[in-house]
Amino acid sequence: MDNKEIESAIEAILFAAGEPIPASRIALVLGISDDEVHECAKKLSDEYSFNRRGIRLARMGDSLQLCSAPEFSQEIVRALERRKPPRLSQPALEVLSICAYFQPVTRAYVDQIRGVDSSYTMGVLLERGLIEACGKLDVTGRPSIYRTTELFLRTMGISDLSELPKLPEAGSDESREQLGSLLEAVKAEEIKQMSIEEN
Amino acid sequence: MDNKEIESAIEAILFAAGEPIPASRIALVLGISDDEVHECAKKLSDEYSFNRRGIRLARMGDSLQLCSAPEFSQEIVRALERRKPPRLSQPALEVLSICAYFQPVTRAYVDQIRGVDSSYTMGVLLERGLIEACGKLDVTGRPSIYRTTELFLRTMGISDLSELPKLPEAGSDESREQLGSLLEAVKAEEIKQMSIEEN
Amino acid sequence: MKMKNPTFHLEGIVKSSDEMQDFTGPLTLILMLLSKNKIEIRDLKISEILDQYLEHISKMQEMDLDIASEFVQMASHLVYIKTRTLLSGDEEVSELEELMSSLEQIRCHDAYMSIKAVTEELSRMSQQGLLMFSKEPEPLKTFDSGEYRYSHQPQELINALFSVFSKNTSSGQETPSMPKRIIYGVRQKSSQLIELLRNSSSIPLRELYEISRSRSELIATFISVLELCSHGSISLYSNGGEMSVTLIGEPPEDFTEETFSE
């Protein structure tokens, strides 16, 4: 085997392996010294970098590994990601709205308002980066408190929480009225939604 | 992105993917046409072969996949302690050919042509990923129907079923003779039928 | 998945009037159809056959009337065979059935011979391909793993919020009312500040504000600092252009609880 062939053999072995392989193992199989393996691997690696190829050869201690070039990581993710995460469900929107309007909130607080356990949905929102933990409440049990994130503002297309639509003031007659009409609006919307889904 | 960069991006995506990726998906991510993807992939593939590299680019239909070069299979098997890929037995080749040329086929159809039970061999081919179930036939019993896979194309070194060797027209003298007598029988049947109808 | 009804590719079988001469009768055509299309006569839909034949006939008529008449004959014969097959009972093995199965046998034999003739070539073709290894997928970089990437209208939040409250009312609770905010008490904040200052001699004012996690907490901090200053518990001083807080006395014994909202 000449050096060119050794390079190709190393490339083939590392490709099929996918994971780091000790140079000594390759040396054994090809009947050459560890140093020769590292030399050829170095040449291969330089060639990848110099030609701005889509793959890179990394050396970690005695081991060698092929990996995709980091320059193309965005293209890779976009080509290979299965599907976008789903849009927010109605429960998720509810929890998010409670977090947004009453932040900072504890999970127990959200549960209390919604009347159902919201831990799963809170988890989803945390994972999606729409809410974040921002400390512990200074009461018994020291529960975590949550607030909305920068990403939340971007998602809603606003630059500040103050741009959220105003809630009616609690307690006043005026607010009862407002609340009443909003409730009507929500119900009408729900009925509309249902009929759309049924079609 | 110039062509060189597109080639590298394709290389990176295919390397990271491991499995076959539709060219259309790559085209979407890179913002180019499917044809351009195939063109660049072809150049990349030719380069691998010409320079006797350790990797190869296979095209199967619209899909592209990186594989190790067959020349280095021994080194890979020894370095990674993999099982040597077994050759295809004569029964496997027969069943595979029937699936390839007459697809989609039912198991009963394969049995019928070969005149022997082929369920074991079909199982082996399914397990090796050379054939796959692709639905149910809309007749009594709803038997599964099978077709060849992308791996089949890659294994045969072709990118499309149309590249398979032409199936020779087999029509033995014996069968032609039989045909002649059958024809007579039908004619006789016809005359009988006609006279019945006339009555 | 449903398989489509088989389509007869007559164009591939009959190309010219010359070729038609090769057909000695309808049965030859049936045999050809069976071998080219891998169909079972029992599975055919009569209407499918008729549609396809009539379409073909109308095409052929434009070209050659002789051929057309041949086809009419063949089509009618196929339909006839099909009808016979349908009408005959399951237990009754008609002459036609026998005929069909002999045809099947011939067809299978021919197909098997053809297949056997190519397996060697396929075996040769697969030699290289079987030696190629694929690789495992790389783990995807997680930089945008779960991050949400849709946009919403702020109004959707209000709607969601009210749907929460409407659920509560419908489940028999009291009239809808806005829940109270979690409110930071100044007293609570003041004792927290004293605690902090006990542990370190002086803290920049900026840091006290930075540890506040919400606007209400920020306001609580602001008022607490003012209150504690006025009670002489803490003192503000300038430290290299930055205001810092230091503890100078004990907090007031009776600190009235004051709450506020934003």
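Letters A, B and C mark the chains in the order given here, with residues in each chain numbered from 1 onward.
Everything that follows uses one rule, which is that a contact is a pair of C-beta atoms (placed from the backbone, for glycine too) under 8 Å apart; a residue touches a chain by one contact, two chains touch by 3 or more.
Bear in mind the structure is a predicted one, so any value in this text is a computation, not a measurement.
Viewed as a network of touching protein chains, the structure reduces to a complete graph with every chain in contact with every other.
Of all chains present, the one whose mean CA position sits nearest the global mean of protein CA atoms is C. Relative to subunit C, the chain whose mean Cα position lies farthest away is B.
Taking each chain's centre as the average of its CA atoms, subunit A and subunit B sit 38 Å apart.
The centroid of the Cα atoms in subunit A and the matching centroid in subunit C are 18 Å apart. Mean C-alpha positions place subunit B and subunit C at a centre distance of 26 Å. In subunit A, 15-18, 67-68, 76, 80 are the positions where the chain touches two or more neighbouring chains simultaneously.
With touch defined as above, residues shared between interfaces to two or more other chains in subunit C number as follows: 133-138, 140. Contacts from subunit A toward subunit B in the complex involve residues 4-5, 7-18, 21, 25-26, 28-30, 51-55, 66-69, 71-72, 75-76, 78-80. Subunit C meets subunit A in the complex at residues 133-138, 140-141, 143-144, 146-169, 171, 175-182, 188, 192, 213-214, 217.
Partner subunit C is touched in their complex by these residues of subunit A: 15-18, 67-68, 73, 76-77, 80-81, 84-85, 87-88, 90, 93-94, 96-98, 100-106, 109, 112-115, 127-130, 134-135, 137-138, 145, 147, 151, 154-158, 163-165, 167-168, 170-171, 175-176, 179, 182-183, 185-187, 189-190.
Across the complex, subunit B is touched by residues 1-3, 24-28, 31, 38, 40, 43, 77, 80, 95-96, 99, 102-104, 106, 108-119, 121-123, 125-138, 140 of subunit C.
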